[in-house]
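Chain lettering (A, B, C, D, E and F) follows the sequence in which the chains are written, and residue indices restart at 1 in each chain.
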Amino acid sequence: MNDWLLAPILIPLLGAIVQAFMGYAPISLRRTLALATTVLILVSAIVLLILANDGSYRIYAFGNWQPPFGIVLVLDRLAALMLVVTAVLGLLSHIYAVGGADEGNRQFHGLFLFQLMGLNIAFLTGDLFNLFVAFEVLLIASYGLLMHGGGTARTVPGLHYVVLNLVGSAIFLISVGMIYSVTGTLNMADLALAVRGLSGADLEIVRAGGLMLLVVFGLKAAILPLCFWLPKAYAKATAPVAALFAVMTKVGTYAILRVYLLVFGDNAGPLANLGMDWLFPLALITLAMGVIGALGAGSLKNLVAWQVIISVGTLLAPVALGSEAGLSAALFYLLSTTFTVGGLFLVSDLVSSQRGSAADRIITAPKMRNRTFLSVLFLVGAVAAAGIPPLSGFFGKILILQSVQSGAEMGWLWSVLLIGSFLTVIAYSRAGSIVFWRTVDGHLERPARLNGRVSASAGALIALTVTLVVLAGPITRYTDATAAQLHNTAAYTAILQIPMVAEGN
Amino acid sequence: MLDRLTFPQPWLSVLLFTTWQFLSNGVSGASVVMGLVLAWLIPQITSGFWPERPVFVKAWRVPAYLLRLVQDIIVASFSVARLILSPRPPRPVFVAYPLSLEHPLAITILASTISLTPGTVSADVSDDQKTLLVHTLDADSAQEVIDAIHNRYEKPLMEMFQ
Amino acid sequence: MSLPLVVFLPFLGALAAPLFALGGRTAIAIASSVPALIALAVLFPFWETLANGDVVVQSYEWLPTLGLSFSFRLDGLSLLFALLILLIGLLVILYSRYYLKSHENVGKFYALLLCFMGSMLGIVMASNLLLMMIFWELTSLTSFLLISFWTHKQGARRGARMALAVTGGGGLALLAGILIIGNIVGSFELDAVLAAGDQIKAHAMYPVALTLVLLGAFTKSAQFPFHFWLPHAMEAPTPISAYLHSATMVKAGVFLLARLYPALAGTEMWFYMVSFTGMATLLLGAYVAMLKHDLKGLLAYSTVSNLGLITLLFGMGTKLAAIAALFHVINHATFKASLFMAAGIVDHETGTRDMRRINGLWRYMPHTATLAMVAASSMAGVPLLNGFLSKEMFFAESLALNLPGLWGWLPPIVAILAGIFAVAYSARFVHDVFFNGKPVDLPIYPPHEPPRYMKIPVEILVFACIMVGVFPTISVGPLIYAAASATLGEAVPDYELAVFHGFNLPLMMSLIAFFGGLLMYSQRQRFFDFHARFREIDEKAVFEAVVARCVNLANRFTGKIESGSLQRYAMLLVVAVIAMAFLPLTNLGLYIGASGLTPVDWPTAIAAGTLIVSAIITAVMHRERFFALVMLSVVGLVVSLGFARFSAPDLAMTQLSVEVVTIVLLMLALYYMPSWTPLETTTPRRIRDIAIALTAGIGMTLVTLAMLTRPFSSISSFFLEHSKPHGGGTNVVNVILVDFRGFDTLGEISVLAIAALGIYAMLKNTALTPPSGDGQGHPWTRDAHPMMLAQIARPMLPLALMVSVYIFLRGHNMPGGGFIAGLITSVALILQYIASGMVWTEERISFRYHNVIGLGLLFATVCGAGSLVFGYPFLTSTFGHITWPVVGEFEVASAMVFDLGVYLTVIGATLLALVSIGRLSPHSAIKSKKEPV
Amino acid sequence: MSLISEYLVSALLLLGGAFTLIGALGLLRLPDFYTRLHAPTKATTLGVGAIMLSSVIYFSNHDQQLGFSETLITVFLFLTAPVSANILAKAAMHIGVKPVRGTRGRPWEQ
Amino acid sequence: MMTAALYITIGMVTLAAVLNVCRLIKGPDAPDRVLALDTLYVNAIALIILLGLVLGTRLYLEAALLIAVMGFVGTVAMGKYLKRGSVIE
Amino acid sequence: MELMFALVIGTLTATGVYLLLRARTFPVVVGLTLLSYGVNLFLFSTGRLVTGQQPIIGSAEHYTDPLPQALVLTAIVIGFAMTAFVVVLSLRSLADHDDDHVDGRRDEPPLREIDETEANGQ
């Protein structure tokens, strides 16, 4: 029992409560407190990462109830990794938001912190229903954030996002019900044990439930054909929100990793590797669709939004194949793509702010004021995103390519991924050269100089891709260990035996 | 809001205290203490929502009124039941009843009474609170209805409130 | 550490370059040459070792999972290329100092140039294929940025993008090839790969790997049919063309052929693919070069042709051919770089590169002309110049190639033809530019000799041409030997670098080529005329058109699929679920489990029937919105009755309260909306939707049936056992909510809170004008606050509060609890809003709902955290029995505080949401006639 | 449970059921909205009242504990039914729901 | 005997509810529907009390109480919507 | 009984899905509500249908499974919050587009413009 596990949840919660109280406090105070909260979240996430790095599972049983009866938080390497990714992305987007995007309504910081809380719960929880609750927390906060900011452009995509996710929640509940009705338990470790011996009608019910759950996670992760809500919604969102949302699709991926490796993993008997035969082709088609979308994108944000879809496909393909090397590769790629996409959203926004009415559309416009700075950021981001050397996206991709070494899967994955990369390069080079280089002498009012906070946070996010390359060694060691840990489900299910604090009440 | 240790609406407090005893399914030490606390606390909170307090002049008439009401309700129900079951079509009439009462609460009580009793429903109160529109399910004439309401209900109410 | 230093120094220099740019062109040129000089100094001591054919490898671990390491290798081959890169690089740096104008972004130029230099060094010195791959793509990238250095020029941007697309794309193919090779060998280290040549060639994947690697090499080295990007890369500043697109980067492809020679070469496949590609490129390049009027275009195509020559040599597969190839790499680099620089000078001094306009420059710049003429002679293969030597070797090799039958004639003929063309275009370069009459309409007139220092690089290169041409053995002999031994990976055969080998067939071929070329040049107008019959294809435009077409197609495809139609997306989602669940459910079929069906009781059945009918009517009549709403309330009511019927009093109560609040909410919304839904969807569409809906419904029915009839056991006996003794409450559902699964509840109230805050935020600046009537011709009444309602609402508030206190307090033991109590309180307050209006009610509420929400969450959290103080986990509850005088014994549970948090949050959230909607119309659209009474 | 109270409970139940049913019948049969308004306010309310009374008696006997929760429900119903009727009547008059032919007097249009 | 009476009553109330639903569906005007819904709420109260009697438990009474409160608010809100449009203003 | 219950859930799902696929926000919201009723009933029924076994210790001899009830309670509350949000969002959409179509409907300027100049040369 380690109280640190609580920190990434309680800190944002308390921070958000404080924000709720401070509706009319001066904005500087609210900003300071909100940022302090985010920093603390990052600190706690790092502590957890250090804790998790010893390879053991740490659990936190709420209310001192023995799992599977109570809700437990489970910290392992994967959870810790996701926490850190979220915290870093969250902090940098938050700093960017403090640069001015948070103005306009007083709930922004509260919603932002709630969003982080929901994400953190989702990553830590070891209970299927609690995962549902976590999803809802992060979704409702994301709805609020998505609608943040003025203008009418985001209403309809927001509505689509919300309605689809509501349906998704309903499906989630149905699947949980189906699974519970057979297994009689909700704890994931317990579920993993319970599904092993199923047969007959029980088996079919759980199989149907499990597959429906895959649809839900697929919706969150935005795989084809459930991804179409994403591009417009993300492209229209306020930049720091869109940047934070870079991690939202990863939640779906995380859930797939967690549930399908643990509950429907190799040991699940007839249910082993449930749905993965669906997932692989879908992931590839998603990737292809993303590339087509990126190629046809009419604005930078739209392009980046499609990049999100590309990364989802890239990420899920090796996950579906399920090898340890593939998982490790996927996790490395996840790190890279999350930061890159987040950074690109911010850069696109900065570009947009300097081009007057042309905004971030890929058309000729007057020259930007901070063109050099922005073009360098965009270049680095684009290189990382398209997966060309020497940045992290490239490493993610070759790790993924290398993890599949034989069979028809290799042919498909390799060709789709490589051709996809090629077309992405074309898309980015076209967009970049038009936006940054093809300028006209317009009579644009001289746009404001970028302020330090937005430049620093966008720059830092983009720079993370370089950091990932430099630290590629240690990071891949970590992801290797994570993949190995994910495959060793016996260690996870052993958490059911962990003793509670002495019976006190 | 909680600056006074008084009972701003004594009648309400009594009502609340009694209700609490009902809810607690029997009078006990705990229910009395809790009832007292609530009977004090709730009116403190809600007094603002009930700005004009009813002034019962002759409170002892309330039980008699209620009794008559219950009696009428039962009778009313039977007569309406008979009407519903009989094949004869009803003879409805809209009656504009001239109000003597002035206090809104009194008017409301009267209107409610009318609605609960034989074949009449108070459909509306005029804007100037001088007339009550009553729909009667089955009546011979409007005047008959007006007289009945006036004698049976409005008079006792006037005595209670004025 | 010294080898990585060589590679990374230029990158460091690149970082510093913008700083030095502040000091002007000279400062930055000097600063930029420092890394190259240091690198040369670092390499110098290795010569002793390398000359013997030894190899130096320095390796540092980087990404072991991937097999990627920082390993660098210096052998003859890499040294040869490294020297080329560094030396020509230095000359280009010097040359650029004068070429660039002072207002140009020299910082960017030198930074990119140094980046390129580093990347190129990385390619040639990497000892790990993946590492090489990284540098490989880096050169594509830097080349992209350098070509488009003059970003304002459309041609530059397009040329750059095309170059990036072709070379970058080829790079991806190469990557795949390398990964396959690494997979076969089990390592990416060059040592291992080179040693595993037989293994690779025997492997089933060899053809794939070879094709992919060659794709990479050919795109980079502008081999047919990928050659088209190179001429358009000439939009770059001329020093860049000289450096990247003739001397170094385009040589990366042939370097790769050399590097992997032991691993991949020697098969028939290699022979045919490489040599035929080389031949085609050789001829095509030479032919087109002849026809170009653009000075740099001529040089570009001649570069293509020369690259084809080198490729062809490598493709021949003989050792001597490989040596010849290496030799020609050096020679081509020297003469072509000098020619480019000369062309740059001409361009710089005349302002144009059109050979139809620049004539007779000999008179204006004799010095430059001399240099250019020497270099061009070398290109043409005039004896005593280096070009002659390697061409001679090439002729010899083309003869030595033993192809069966008539095919045997092909290489020599191609060689001679190419030689003829080479002489012709070299002659054209010299004669058209420096003689041939007078200049025509030059933008800058009269031209002058360039600054002194601008000519130095050219002079050095031309000097090198002569030195090598005259003293080949002394000047480059050892280097070639070292490179050859590194390339071949085994003993180097005997060969002789000599100016004169005697009167033999190759010399004859040279002579034929020389005179043939001159003849051809004299007849050039015929060629031009012949060529003019064909429409010239502008590859750049074609490329752009193809890209634009792709973008357009992608755009339209995306627009079609991502249509922005929620109906489509929702349909896809539902269909996806159905598709996923279909198979298991078909397997399941109409399954009735072991528990069997329990008998139906009629009231329940009738209620169920009512529900079904109501639900169907809601769906059928949905266009009449208010009706649908009423039917929806019926559904909700029956559902909550159902909960009560099947032993769930808590659920019944919750469902009911929520339903009423939802209905109120929907009515609030309906006020602003049309009260009718127009009929929009077509009948087939509706039938489709009905089919989908029915399938979903049937699926759910089957699942439910199967689930309900199978025997069941769950973890819940634990809850039933521990609820009273350890949870302190007899209402197990409530104990689960506040204790066993209290964390869910915390999340749940967070959701409520967030929703309310989100709603508030979303509506903050929204204003809606409500319709003035109900859509059926009735204007709204002015009676906003009916008297009776207002009067009754007042006593309802204290009563309802009382009831909610009651429900709240008993929640732990009996049906009830904070959530329901909170909803009762909210509804009582909502009643006040309905009865007396917003203004009246808010005057009487002294708190902000935000704070209530915050307080609620705070209570719940603090209550949960309280147990931390005592060393128990979050949300551990405790309870005790306290006996007070009069009151008697009663129970106090910490969970109550948690529940209080729930209570407050629910009130705050519900009211905040509803009131936010109520506030939507800034002033009530229809004036009410009086204040509430 | 004593026999008398059992009889009483049964009688009250049947009475309540009957009234409820009659109320519903009225709602269905009566000719116009205004006449239908009478059915629930009286018959049904009373029906529920009777059923609740039976519940009070039953549980007082059964659990030996006086149960007044039901009374509270009844009070609530009696308090609210007229208001509901009033609001609905106002709404109907506002919308212009026509009374059945033969109705004397006219609804208001305020 | 009481059991018999109970079931007869349940039958009658259920029937009443069905009749109410018929009126609800029939309309013809919106107030008719709301009236029927209101009556349905009252029937539901009766049903819940009867259920409590059948099961011999008082646990469901509060649900009935809640229906009384909530049903009223629902009806009032609908009534107000019909004539005023804006429920909360 | 079980069959009946299953049919109820099936109907709620079917009607919910049908309304979900309509083109206006209001029916969609109603559909979502119906769907969530169905889902709640389904989740509830995972504890099986029993009469008079309310999970209040001391009120009966056997108790039904309390866990699904607790889950449904949570689901109801969350569903309520979500419905409220989507209702408000549809209002916002109405305010922004003067139309309650789910896709906003007011023709927006085309999102992407293919740049003819870049494509066809200047």
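In the analysis below, a contact is a pair of C-beta atoms (placed from the backbone, for glycine too) under 8 Å apart; a residue touches a chain by one contact, two chains touch by 3 or more.
Chain identities (UniProt): A = Multisubunit potassium/proton antiporter, PhaD subunit; B = Multisubunit potassium/proton antiporter, PhaE subunit; C = Multisubunit potassium/proton antiporter, PhaA/PhaB subunit; D = Multisubunit potassium/proton antiporter, PhaG subunit; E = Multisubunit potassium/proton antiporter, PhaF subunit; F = Multisubunit potassium/proton antiporter, PhaC subunit.
Since the structure is predicted, the reported quantities are computational estimates derived from the model, not experimental observations.
Shared contact partners of chain B and chain F comprise C.
Here the chain at the heart of the shown protein, by mean C-alpha position, is A.
Simply put, of B-C and D-E, more C-beta pairs touch at D-E.
Distance between Cα centroids is largest for the pairing of chain C with B.
Centres computed as Cα averages put chain A at a distance of 16 Å from chain C.
Centroids of chain B and chain E (each the mean of its C-alpha atoms) stand 22 Å apart.
We define each chain's centre as the mean of its Cα atoms; on that basis chain C and chain D are separated by 70 Å.
Residues of chain B in contact with two or more other chains: 19, 23, 25, 111-112, 122, 127. For chain E, the set of residues touching two or more other chains reads 10-11, 17, 30, 34, 58-59, 62, 65, 69, 76, 80, 82-83. For chain D, residues touching at least two other chains, in rising order: 18, 23, 25, 37, 39, 45, 67, 69, 72, 76, 79-83, 86-87, 89-90, 94-95, 110. Here, these are the chain pairs in contact: A-C, A-F, B-C, B-D, C-D, C-E, C-F, D-E, E-F.
Residues 10-11, 14, 17-18, 21, 24-25, 27, 30, 33-34, 37, 40-41, 44, 47-48, 51, 59-60, 62-63, 65-67, 69-71, 73-74, 76-78, 80-89 of chain E are the ones that touch chain C when the two sit in their complex.
Across the complex, chain B is touched by residues 783, 786-788, 790-792, 794-795, 797-799, 801-803, 805-806, 809, 832, 841, 843-844, 846, 886-888, 890, 929-930, 933 of chain C.
By the touch criterion given at the top, residues 20, 25, 28, 32, 35-36, 39-40, 42-43, 45-46, 67-68, 71, 74-75, 78-79, 81-83, 85-86, 89-90, 92-93, 96-97, 102-104, 108, 111-115, 117-118 of chain F touch chain A in their complex. Chain C makes touch with chain E in their complex at residues 602-603, 606-607, 610, 613-614, 617, 626-627, 629-631, 633-634, 637, 640-641, 644-645, 649, 652-653, 656-657, 659-660, 663-664, 667-668, 670-671, 770-771, 773-774, 780-781, 783-784, 786, 789, 796, 800, 803, 807, 814-816, 820, 824, 827-828, 830-831, 833-835, 837-838, 914-915, 917-918, 921, 924-926, 928. On chain A, the positions that touch chain C within their shared complex are 1, 3, 6, 10, 13-14, 16-18, 20-21, 23, 60-65, 68-71, 105-108, 110-111, 114, 117-118, 121, 129-130, 133-134, 136-137, 140-141, 143-144, 147-148, 150, 156-157, 159-160, 163-164, 167-168, 171, 174, 177-178, 180-182, 184-186, 190, 201-202, 204-205, 207-208, 211-212, 214-215, 218-219, 225-226, 228-229, 231-232, 275, 278, 289, 292-293, 295-298, 325, 328, 372, 379, 383, 388-390, 394-395, 398-399, 401-402, 405, 414, 418, 421-423, 425-427, 429-430, 433, 436-439, 472-473, 476-477, 480, 501, 503-505.
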